[in-house]
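What follows are several structures.
Here chain A shows up in two complexes: once beside chain B, once beside chain C.
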Partner chain A sequence: MSSSEPLLDVRDLHVDIPLMTGVLHAVRGISFSVGRGETLCLVGESGCGKSLTALAVMGLLPRRARRRAAQLRFAGQDMLQLDTRGLEKLRGDRMAMIFQEPMTSLNPAFTIGDQLAEVLRQHRPVSRREARDRAVFLLEKVGITAAASRLGQYPHQLSGGLRQRVMIAMALMCGPELILADEPTTALDVTVQAQLLHLLVDLQREFGMAMIFITHDLGVVSRIADKVAVMYAGKVVEAGGCQRIFRDPLHPYTRGLMRCIPVPGRTKPGEKLAAIPGIVPALVGEMTGCAFRYRCPMAHDACADDPVPVRGAAGEADHRYRCVLTPERLREEAVWEGAA
Partner chain B sequence: MSASALSDTGGIPALELRRVTRDFHVSAGLFAGKRRLRAVNDVSLSIETGEVVGLVGESGCGKSTLSKVLLGLLPASAGEVLFHGEQMSHQKRRAVAKRIQPIFQDPYSSLNPRRSIGSIIAQPLHVHGFGNRTEIRRRVSDMLDVVGLPSRLAQASPAQLSGGQRQRVAIARALILRPEILICDEPTSALDVSVQSQILNLLLDLRREFQLTYLFISHNLAVVEHIATRVAVMYLGRLVEVAETRAFFQAPRHPYSQALLDSIITPNPAEGIPTVHLGGSFPNPIDPPSGCAFHPRCPHAMPRCATDAPRLLTDEAGEIACHLTNMQQGA
Partner chain C sequence: MLSYALKRTGVAVLLALCVSFGSYMLVFLAGDPAILLAGETGTAADAERIRQIYGFDDPIVFQYANWLGRVLQGDLGRSLYFNQPVTTILLGRIPVTLGLGTAAILFALALAIPLGIAAARWRNTIVDRGALLIAVVGQAMPSFWFSLILVIWFSVKYPLFPTSGSETWRHFVLPTIVLGYFAAPAIMRLTRSGMATVLDSDYIRTARAMGISARKIMFKHALRNAILPVVSLSAAQFGYLLAGSVVVESVFAIHGAGRLAWESVLRSDLPTVQALVLAFSLMYILLTLAADLVNAWLDPRLRS
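Let's turn to the complex of A and B:
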């Protein structure tokens, strides 16, 4: 593997789910890459395909979902060619996933010690003792006090925050190169969220892991991302470096998202917030043109045509967005009414 | 009581909690029998007409139990709830329901999936024996308009609606009896951010239009700052601080309030993740810490905090229960 090759390279990924009423095109041709040690945030609202994207990368899609891609390479391996055994060797070992809801992703019938040790013993020829030591080491790393005594506990005996720490420790058991975290802090209280994000970012730096972090929370994105991809209706509508995306968002959807949240110190209490009218379109069946045009205040006839051009912002090769309008045109208008 | 309390209601709050306590008896284990869980502990709070009181705190702190007591859905174990100065327990459940209505978090489980939207919204009218059919239909259609839904949706079923539309239906149902007070329990937490702003805007408009009073329960402090006029912070069943929103966000006084504010993560790529100085984890409510329940996590804890529970004291800036502030003020 050459040094310039990204750790994960995804080209033209599609996820289709056949339904009674037709085919649901949940992910409609997205491309992204993640370098070693880098954090990519996938941002979007429910139904935009961000979670399915992560599951497609992990090979964990629901059985009836179909995945196709022009390229899916991880650490120099072509994942499209891997069979189930090959995938199982990668998963949990070199790439690991942290889910939103730790209560449903831990097995209630086994102690956390058993569950942690199993991950390592599945992938490495280690003794029980060594696996246990690694579990204690990582539980301490994720800030769990009296780690050794926790090994015998069951998931229901832990609080939500502790369970999510256990999930993080479990993901780290084999020292993966890539972590996929799907809304890992959304179900937690705000104070716990800040602590866990800190922990995750510190560990990521310490172990040099790359991370794909999925969230709808732009605040979190702005604080942890190197790169951001904003998704809408199964497509990436804007992508670029974190600083760029927050300083100079171009796509009307990205700009709408940033305007519609109350921000202490910026939005004026009690004033109208910007609101994106309407709802996300159904993704069943064929769709042409820009999927956001039904809700976009700048939409016009050309938005219905295929393909929607992918443009770059001048002087920033990495900052790209999918819209018929030029950056100049997009910047000149206050797209969204409401609290600025 | 603040100056704003002396409004045209002659200083009688719309809703008042006086030393309300609510206990649950929960199983402590297979053979350990039942133990008492004090979900709401000696809470006194008054809500003036026209106010929006934001109630914040971590999950398990008793916010939702408190809201159920206010709605009359759970009786208080001790203390009393006064509604315009009259004890709620002396009033008929139906009479109270007409004037206080809830909006719940999850619009997926709070609407009957087998009923049409129109009949869901009309249900309170039927319960209260209002009007004839034409009158009810007209009211429902008016109310759909008020919450920004097309009147053709009256025939739709909840399954055909998005989360935001469902929450509008829940709001319409709550408003159809023209109540004075809405108890909103995390009304936007289950919604996407773009939809959340639609609902917040709607709630703010409705408040002006119908002169409503809100108790707004949320864990999202940015949302609370946006909508509330006053903030009440709850920790393990007790109120620890009550203050005007502006003052609260400028200078929170209780160490727990400070930690909550420190945890707000606003979009700002120039900053990292905030460090929250909060030791330990949320305590077990069945076995609460001695003294001030917050002391095991408090960065300023003193020996006294482990033994005496601080009282909620009122001063010009609001109410606060902390030995540190009380000491600084020579109380």
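Let's turn to the complex of A and C:
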């Protein structure tokens, strides 16, 4: 394995879900890569396929969903060739996932200690005692006080925030190289959200893990991301370095999202919050052209044509976006003024 | 756990008292027991004397307290038909029914739980459909008919098992199959639906995301949660098998408590009927209590 190879490399990933009414193309050919220690944020509104993308990488898609990809490589291994056993060996050991719903993501019938220890003992030939010690160590790491006494507790005895900390500890049991976090703070109180976000970033640095962080919250993205991929209707519409994207967003969708962030001080009290009009289109059946054209203030006839060109912003090799318009055209118009 | 167990046991004892009062009152449901005892040729004076001898003219609560005191000492009265203590008769019959019922419920569980798990694991496939077919047939087939079919095949055509009686274990094989197959469908369907729900749950996805092996997820993480309603249902089914095995006991001429109950009703042998109702009810209460305690042990949320 060459050192320049990214930790995770995904090329042309599709997720299809057969329905009664046709095939739902939930993820429609997305590509991205994550280097060691790097944080990639997948951003988009509900139903854009960001969660399914993460589940597809982990091989955890719902049973009806079908996955195909041109390439899915993790740490030099071709994940497309792995059988169930091979996948089980990878999951929880070298790549782990944290979910959105802390209230239901832990097994109600077993103690926290059992569930934490089980992960380590599944992947490493360690004794009960060693697994327990690792669990206590990590529970302390994720900021749980009196960790040793918590081991005997059941999930229903803990608050949502504590359960999510336990989930993080569980994901870290084997010291994975990659963490996939699917909106891990969305279901929590705002104060707890901020704490958990800091915790996750600190742990990521300390353990040198790469992270794919899925969120719809651009405020979070600006604080933690190295790279950003903005998703719309199953496709990446704009991707690039975090600073680039925030300083010079090009795609009308990205710019619309940015405009929706209320800024303390700038957004006046009582002022109507910005929104992107319309809803995400249904993804059942074939779709041609740009999926955003139904909501885009700059849409014109050419947007319905296939394929939509993927362009680079001049001078920035990895800042790319999917639109018929040139960067110059996009920059010169205040696209969203008066749109809402 | 201990306080929960004590509380549940307390409730069970109270319930048993209510049931015992109910079963005592059965005597009066069937008409005036004194007239019944005096018989068709008895005079009004005979009935009055019987009333005094048996204490039927005392207040009901007083009679009940007396009766309960005797029952607690193991005295269930005398059978009008056998002219023997009911306790003696019951001690001869109940072990037979209990043995048959236990064998049947074990057979039902051994058939239903693996089938239910397999049906949930391979949902909407041929495995699931096959399991459903087995369940539907078991549910729809009348016990007496299935009994006769088994007798024709495995006693007459191929004499593997005796047609009737209750002397050796071989006498119990066919009745066990009939009763067990009757109890299995409900248990199987509940296992399937429970497993199907649990396998789609978030914590199973978590276990998979942590690389826990498929077998461990199935039999440790999922089954532990899916089995709770199955435990309750199995206890109810067990109780039902004990009290409702009349048909099967009749077909195979097994002298168990179910058959005794049926015959005693026909003979108007009230003390025996009363004792059987009490015995069956108590077994039911005990089974429900056991199911609740097992569930509390399985699911920590039920303990608090």
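Convention: the second predicted complex is superposed on the first by the 334 of 340 C-alpha atoms of A that agree within 3 Å, B and C clash if a C-alpha of one lies under 4 Å from a C-alpha of the other, contacts with A are read in each partner's own complex, and residues count from 1 in each chain.
Throughout what follows, a contact is a pair of C-beta atoms (placed from the backbone, for glycine too) under 8 Å apart; a residue touches a chain by one contact, two chains touch by 3 or more.
Note that the structure is predicted; figures quoted are calculated from it, not measured.
Model built by superposing both complexes on chain A: chain B and chain C fit together without a clash.
Ranked by how many residues of chain A each touches, chain B and chain C are led by B. Applying the stated contact rule after C-alpha superposition, one finds that A:109 touches chain C and leaves chain B untouched.
When the shared chain is aligned, chain B comes close enough to touch A:195, but chain C does not. In the superposition on chain A, A:118 contacts chain C only, with no contact to chain B. After overlaying the two complexes on the shared chain, residue contacts for A:219 are found with chain B alone; chain C is out of touch. The gap separating chain B from chain C in the superposed three-chain model is 5 Å, by closest C-alpha atoms. Touched by chain B in one complex and by chain C in the other is not one residue of chain A.
Residues 58-59, 162-165, 192-198, 200-201, 204, 219-223, 225-227, 245-246, 249, 259-260, 262-269, 271-276, 278, 281-282 of chain B touch chain A in their complex. The residues of chain C lying in touch with chain A in their complex are 201-203, 205-214, 216, 221, 224-225, 298-301. Those residues of chain A that touch chain B in the complex are listed here as 45-46, 159-162, 189-195, 197-198, 201, 216-225, 242-243, 246-247, 256-258, 260-267, 269-270, 272-277, 279-280, 338. Within the complex formed with chain C, the chain A residues making contact are 58, 60, 84, 87-93, 96-97, 99, 101, 104-111, 118-119, 122-123, 154, 156, 167, 170-171, 173.
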